[in-house]
Amino acid sequence: MIALAIVWSILLAQVMLALAMAFALYRMIKGPRAQDRILGLDTLYINAMLMLLAFGIRTANTIYFETALIIALIGFASSIAFAKFLMRGEVIE
Amino acid sequence: MRAWLPYPLFSIALFLMWLLLNQSVAPGSIIVGVFLSALLGWVMVKLQPTRSRLHRLGLMGGLALTVAADIIRSNVAVAGIILRARGRPANTGFMSVDVDLENENALALLACILTATPGTAWLEYDRRRKSLLIHVLDIDNEDLWRRTVKRYAAGLKEILE
Amino acid sequence: MTDWLHHLLILPILLPLAVAAVLIPIDERDRTLKGAIGFASTLVVFIVAMILMRLAAAGEGSLPGGGVYQLGNWPAPFGIVLVLDRLSALMLCLASGLALAAQVYSMARWHTAGHHFHSLFQLLVAGLNGAFLTGDLFNLFVFFEMMLAASYGLLLHGSGPLRVKAGLHYVAINLAASSLFLIGVSLIYGATGTLNMADLAAKLATLAPGTRQLVETGAAVLGVAFLVKAGMWPLSFWLPAAYAAATPPVAAVFAILTKVGIYVILRLHMLVFGTAAGASAGFGQDWLLTGGMLTIAFGTIGVLASQAMGRLAGYSVLVSSGTLLAAIGLGRPEMLAGALLYLVSSTLTIAAFFLLIELVERGRDAGADVLAVTMEAYGDFDEDEEEEEVGVAIPGTMAILGLCFCLCAILLSGLPPLSGFIAKFALLRGLFDVPEANQAIAISAADWTYVALLILSGLAAMIALNRVGIRTFWASIEGTIPRVVVIEITPVAVLLAACVFLSFQAGPAMRYMQATANDLLAPLAHSERVLSAPRAGGQ
Amino acid sequence: MSHLTDLPSWAAIAVCGLLLLGAAMTLIGSLGLLRLPSFYDRLHAPTIATSGGTILICLASMLCFAVLQSRWIFHELLIIFFVIVTTPVTLMLLGQAALYRDRVENRADVPRRPKPVAEPDTE
Amino acid sequence: MELILSAGIGALAASGIYLLLRPRTYQVIIGLSLLSYAVNLFIFSMGRLRVNAPPVLEPGGVGDLLRYTDPVPQALVLTAIVIGFAMTALFLVVLLASRGFTGTDHVDGREPPRGD
Amino acid sequence: MLSVFILAPFGGSVIAIFFPSDQRGATAWFAGAIALICFLVTAGLYPFVATGGVLRFELDWIPELGLNFTLRMDGFAWLFSALITAIGFLVVLYARYYMAEEDPVPRFFALFLAFMGSMLGVVLSGNLILLAVFWELTSIVSFLLIGYWHHNAHAREGARIALTMTGMGGLAMLVGMLLIGRVVGSYDLDAVLASGDAIRNDPLYNAILILVLLGALTKSAQFPFHFWLPHAMAAPTPVSAYLHSATMVKAGVFLLARLWPVMAGTDAWFWIVGLAGLTTLLLGAYFAIFQQDLKGLLAYSTISHLGLITVLLSLGSPLAAVAAVFHIVNHATFKASLFMAAGIIDHETGTRDMRRLSGLFHYMPITATLAMVASAAMAGVPLLNGFLSKEMFFAEAIETHLVNALDAATPYVATIASMFAVTYSLRFIHSVFFGPLPSDLPKKPHEPPRWMRAPVDFLVLACLVVGIIPAQTIGPFLHTAVVSILREETPSYSLAVWHGWNIPLIMSFVALSGGVGLYFLMRSYLKTGIEGPPIFRLLQGQRIFERVLVTLSWKWARSLEQRLGTRHLQPQMRLLVFLALAAGALPLAVGGFRLPQLVIRGIDPAFALLWAIGIACAVGSAFLAKFHRLAALVLLGGAGLVTCITFVWLSAPDLAVTQLLVEIVTTVLILLGLRWLPKRIEEPETADIPLKVRFRRLRDFLLAAMAGGGVALVAYTVMTRPLTPDTIASYFLGQAYHEGGGTNVVNVILVDFRGFDTLGEIAVLCIVALTVFALLLRFRPHPDSLESPEQQRVQNAYDDDHPERAEGESVAEYLHIPSVIMRWMFPVTGMLAAYLFLRGHDLPGGGFAAGIAMSIGFILQYMSGGTRWVEERLRIHPLRWMSLGLLVALATGVGSWLFGYPFLTSRSEYASLPVIGKVPLASAILFDLGVFSLVLGATVLMLIALAHQSVRRAARAHARAARPEREAAQ
């Protein structure tokens, strides 16, 4: 019984995270402005990282960790590049 | 000591990071960690960041607790705003706060805190006017936000300057 | 314990790699030094290739380690192995010979047209040699990419609008083809669980029909990727433009690039889909034949339609490819040796022709000094570079150029008595040859078409070269005599001399080719040799 | 999935609760991205995921592995820390970029650029 | 799993290929990237799919394909990713150079008379 | 001994080219000596062949292909050799005086000797393929000889046409020879000559016949291939005398005679050869009448006489063959002398136009006399050699060989052609040597130098002697030749001058008187007329040929090239995709592919949702890539992220890490590039898109969808199949720890089992980085993108407008706080890289991931601080890192040689150190270090090189702004 509850709640959590990703995707596609899309991508990254953490709990395996850590640590690099491109029209001056 | 460890606190932080990453306190791991954190501290010298000294560590704990509490509160508040967003337009808006912080690192920390707190978004900091432009989701409590920001700034100023 | 001679096998890959690495940080202003190091490396590789060919010619018994080099000491099919046999030794020799010629030629002026020429050149050599030596499908992909990446770099060497435009198409198409390569290789792995060619050959006949179908699908997709490289119609429209746009020494080495595609097709066709492949034997042969013949036809048309010599040479590459593809597609064991001879001869000729073109055209209109063209593309960093002339301008330039052009024309049109003719003769003889036992075999329509195309393509080359030769050498009014230095004309002469030598020594050459063909006709023996090679250290 | 059933039930309930709560916070945050009317409003949305969502889910993970593998080094802390440190950079830059663009287009609903004042003293 | 992944591979490949056939260099480079995702996943899928069975052995252990994923396609994908990355960079620079020289971002280096 | 015939001329040719160009005499004497030696050797060999013997010389060339260097001399070959060497000597002598001071004589004689060698090769070849080899050599050398005066457009044209025609024929002949070889089983001439029945009865006979005849008829300028010969007259006269009368054009009839025993006698032979010969005979003679150029007249006359020989050979009768051989010799003597005479006239008067020449007898009586005798021989006047063979021809013409129209027409055609021959011969003599003295000649004519005329003297004497006492002079040699062709078929014949009153004699009489009459009827017309015969003039073979050639080889080829090929990228890509799709689908379709069962069960909703997102990203990216570049890039990132999560989900953490890192770098790279692309105008309304474009997009969409579907189908098929048990993967899983020394099997594969792939892969990265670097050094931005981006302009203007603001303050403000955080992140990234690197061998990570992670650390610094800022602080030497990395990786691999193992054999141990404990000490880690260094260097190099463009742009824009001022100042 409790095992079933665990399974279902983890699944539910993953589905919620996936839905959260879908909302982020909506902004990426819909915009309307470039900044909205970039914000969407940044959110997608964070959500994806959380999805990986949830996956780790689900499988009780730590293989997700490096990927999640990299998202947390340097995942923002591409968002920054986008943002700077918007602001200055050039990524590196 | 300075010659060996130009940024001792930072190097310690790096060393901690190394231990956490490797999830191990084995001697081999520690030796490598010490070596790497010292080395990377050295690399940092090249980038010439602004130095900051921690003055009052006790205050830091207090500030951390305040921030944590604020974060939890804001999370709930903002979640509520979002869930109600469809019903009526949220009362959002821009506001400027005077923040008298000289130290770059302190400003950066303030940025982290404000950003981590849902409901406030850091937009612009004018170094000449020492004025910070933020966007808040709940402009009705403008004064509350202003007080909060000032409190954080004062805390950081005490700790870092 | 392996003996040191055994390591000769991998030297043609490692040495250029190491030399490329050494050359990278050397200042671009020390071009002479870079060139000298590069030349020494290419020369050593060439010598090693010659030694390897001699060893291979003497038979597998005389090869160290049976001609199998197990990288990391892992046995086939698990690890990657390099396999030396007569065919790979031949290709190695051909490639390094061309490279040597191009290397020398480039040192007169072309290596100054851009940065890192010599490093890229060495890496190209390494990639080529690796592609010829490897016995592993995925490793082949890696070496293909190495070779292609270097070829992109070299094609773009010197920059300029023409090169960049041609380069864009070249890169785009080859990138798409590389995706196909990956799909094909992985599909074969997914179906069979192996990446080793010899292992695949040994396994194929035993596979279940469904699995074999997947392997065939994979091989077909792979085949398309190789055919892009080989320049089969209609996958080859990028080729004449790209080859014509490349700087001459680069174009000369490119003459072998299409042959890598041909080599791999020949290798896989004979090994994996050879006599031991059961129901899959001869897979795709008809397509090769049709495609090859269409390629000859298209190449011939292109040769006729070309006004510029560069494009003409590019289309000659297509004719050469088509001839070989169709020869493979005809599936006559008797033609194999001739095809190999043709491969060698046409590659040498086309390379010499590419080198020659620029020398000849240099005199035609003095305004079009190619360096001036590239100067236009120079960034602001390089404007201080002065043109350095190496060697001494030689007397009798026009006569020597004319003679070289004549030889090229004769070779390209397959006119007697040079190797171009002998190779075509060998091909046709192989086609017409009837084994004693089987007098009744008739000449099919495909055979006749092939013969006609072979003859017509030669004729077209003759007409086109005649036209352009007369225009260049006979009809030029007061053309300035091009300033050609010894190290530019020598490589051309040496390449052509190699063709002449091949013509006189056609007997021994044909014996080698015949032995190579016999090797190719015994795929299982090859598999056996690769799979049963002993590990070093007696494990 | 079998491993999780090895958890004692209190831990299992706690882990699941934290996880669900974290996921729900994240979902709500992203919902904000969907529902909030202006860009500046939406700028707040991901912060719920970076603060609430991340902290809760990391806690769940720490608890889970601590109980399951009796391991007391919480490397998830690194994730929390770095997410909190790096998110502001993106959001700040994005917010300023948006502000710039809106100002250039003379949007009425953004604050004008403040009149600059002379620098009283050097930095 | 298999169905979903193959649908994903198909969609990535189709989008990538569609872009490869388009006239603007930027479309082509995006197409190449999408195609390389598809190809990488395709290679990966050739080792069959496994959840929670990483190719990391216990120290001293010996693996078998029943308990571990097939490491070979993974190694191949790693190589393919690296090479794909390199080629994307290269193509990017070539397209920039082409644009610099010709002034257009059309793949043929000149604008077509009209239309697409 | 026979090899002398090849060695001497070719060797002489090579030596002659090195004579200094002013040594006209020496070169000529040298060439003459060679020819004379060859002739003397020929003469000396006569006794061996006289008795029916065959001399052979054999040298191995390519025995594998049945092609050996076989020389073979029988009577017929001897006769030809004698002709070639003797006339060759005479022509050299003549040329010594003929060639002008300014002509590059060594080249002439070198080519001349080479030609002589080739021609001797043709007649002496004992192997059909060798014969073809020499055959084509004669074509090539004759091309160079005709084009000797290449400043003359006629010479160039003539040379080109001659080579095209004869070369084409030669190639066809080669195929014919190959077919003969197939039928006979050997290319050896003796074997072939012994297999006449086999050849004639083979189903391939017709093919062989046509192919061989194509060779023979083109070479001998037979209708309809005759037109190249008159154009070859642009050659120096010695060349015409030698090649175009005595030797090369005879090669065709030589071949017909040579193969006569094995190929003649069939209906096909009779019809094809006969028709060609008769037409040529008649038309050649007719055209000759109307030529105004002396050499043109002689050329058409040659064509006609070759036609005569061809007709004789077509008849299939032994007697006719005898006549043919006889006429070959006779024609060579009189025609060579006539050409030389024409050359003398040209040389001495400066023109060859018969309308301008007249009365030359007055100035050069001896030459005139000689020419008259030779012309008479050409016309077939009794007591001259031409008469004898012509009589034999008439005799054969009236015989019935086969009952058909062609055979019936032969005597009439022969008589008419003979009549024409008399006419043009008479015209040659009468209009040049008689009549009023010339008035407007370029030079004042006189007799040529003594030795220039000597060859003519000799040849004319030969005509006379042979004409009067044939049996005693040419008789034995002719007989030897005839016997060697006909063997036991040799008929009895007589070479007597007088055969009594018979029909041939009457035909001769009719021809002679008719010809004279015709000449005087047409005299006035010819004197004023224009070049070429009436009516036919309009139908010039050369013009038709030229037009056909131009149409085929130029116009059609060009339009076909355009139609069958393309220079656009899109169609090429479309073809590639289509062919790949077809190639993949065909084996499945042929083999009866069964769709795998769809398994819907066990679908994870979260995974499904994830891929719904991934697919939306991919499709969205595809549709936005044209007008919303940034959005497409954002969506591409989304697709990459989904791919990355999939890798984690499906137990491939290494892939996920690498994919993610690469993803980030790629995004930054593309963004760096985006700045240099042109602005894209907004998307037009859907309704405005032309139908054609929409159709094209739909087609591409369908093709892409099919290809994508195909890939998906194959992937699904393989995934749902059970795994093959004996894959190499099982071996790796089994050996990774114990022999590879690592627990992360993927990484052990990368650095050990398949470390060679990794080496190649980093080499690729290195190459690309170098290429990108080199290309960017030459990067020249389009003027459009030379200006700084709009944002910067606006922000800088703001700073400029406000005097209290410093330059660039806006950007500094913008990046102020972010850059603080990013700077502190740099060592953190370093730590991450170290972590990824060190744990790689046992857990996910490795040198590649570490290198990319570190490079992202660098990018962050560049983005926050700007190029100058970073480079003032950090010394970055990416090229050195790359070099070092590659060398370290290589050195690690080579290190195993020292232990006697192959390249890249790993040495791995877990060393137990005091305090520290067990430490993995795999050589593979060193290898990975090389990978790290190279990847870091390469990635940073590419990014920096791209980033530097902005700095350079600024400098350039500055220079540009300064230029107009400078120009104004000047």
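First chain written, first letter: the chains are A, B, C, D, E and F, and each begins at residue 1.
Convention: contacts are C-beta pairs under 8 Å (C-beta built on N, C-alpha and C of every residue); 3 or more make two chains touch, one makes a residue touch a chain.
Just so it is clear, the model here is predicted, and its values are computed rather than measured.
Student: Using the contact definition given at the top, which chains are in touch with both chain B and chain F?
Tutor: D
Student: Starting at chain A, find the fewest moves between touching chains needed to arrive at chain F.
Tutor: Minimum step count, chain A to chain F: 1.
Student: Find the chain most remote from chain C, comparing centres computed as mean CA coordinates.
Tutor: The chain farthest from chain C, judged by C-alpha centres, is B.
Student: Does C-E or C-F have more contacting C-beta pairs?
Tutor: Pair with the higher count of C-beta contacts: C-F.
Student: Calculate how many whole Å lie between the centre of chain B and the centre of chain C, each centre taken as the average of the chain's C-alpha atoms.
Tutor: The separation of the two C-alpha centroids amounts to 62 Å.
Student: Centre to centre, by mean C-alpha position, how many angstrom separate chain B and chain E?
Tutor: Averaging C-alpha atoms per chain gives centres 39 Å apart.
Student: Could you please state the distance in Å, as a whole number, between where the Cα atoms of chain A are centred and where those of chain D are centred?
Tutor: Distance between chain centres: 10 Å.
Student: Please work out the Cα centroid separation of chain C and chain D, and write it as a whole number of Å.
Tutor: 57
Student: Any chance you could list the residues of chain A touching two or more other chains?
Tutor: Residue numbers touching two or more other chains: 14, 17, 19, 21, 38, 40, 59, 61, 63, 69, 73-75, 80, 84, 86-87.
Student: Residues of chain D that contact two or more other chains, please.
Tutor: 1, 29, 31, 43, 45, 50, 75, 78, 82, 85-89, 91-93, 96, 100, 116-119
Student: List, in ascending order, every residue of chain B touching at least 2 other chains.
Tutor: If we look for residues of chain B contacting two or more partner chains, we find 17, 21, 111-112, 122, 124, 126-127.
Student: Please list each pair of chains that are touching.
Tutor: Contact pairs between chains: A-D, A-E, A-F, B-D, B-F, C-E, C-F, D-F, E-F.
Student: Can you tell me which positions in chain A touch chain D when the two form their complex?
Tutor: Its residues touching chain D are 2-3, 5-7, 9-10, 12-14, 16-17, 19-21, 23-24, 26-27, 33, 35-36, 38-40, 42-43, 46-47, 49-50, 53-54, 56-62, 65, 68-69, 72-76, 79-80, 83-84, 86-87.
Student: Tell me, which parts of chain D touch chain B in their complex?
Tutor: It is residues 25, 28-29, 31-32, 35-38, 40-41, 43-45, 47-48, 50-52, 71, 73-75, 77-78, 84-85, 87-88, 91-92, 95-96, 99, 110-111, 114, 116-120, 123 of chain D that touch chain B.
Student: Contact residues on chain A for chain E in the complex?
Tutor: 59, 61, 63
Student: Note which residues of chain D are touching chain F in the complex, please.
Tutor: Listed in rising order, the residues are 82, 85-86, 88-89, 92-93, 96, 100, 104, 113, 116-119.
Student: In the complex of these two chains, what residues of chain F are touching chain A?
Tutor: Per the stated touch rule, the residues are 604-606, 609-610, 612-613, 616-617, 620, 630-631, 633-635, 637-638, 641-642, 644-645, 648-649, 651, 653, 656-657, 660-661, 663-664, 667-668, 671-672, 674-675, 788-792, 795, 811, 814, 818, 822, 825, 828-829, 832, 836, 843-845, 853, 856-857, 859-860, 862-863, 866-867, 943, 946-947, 950-951.
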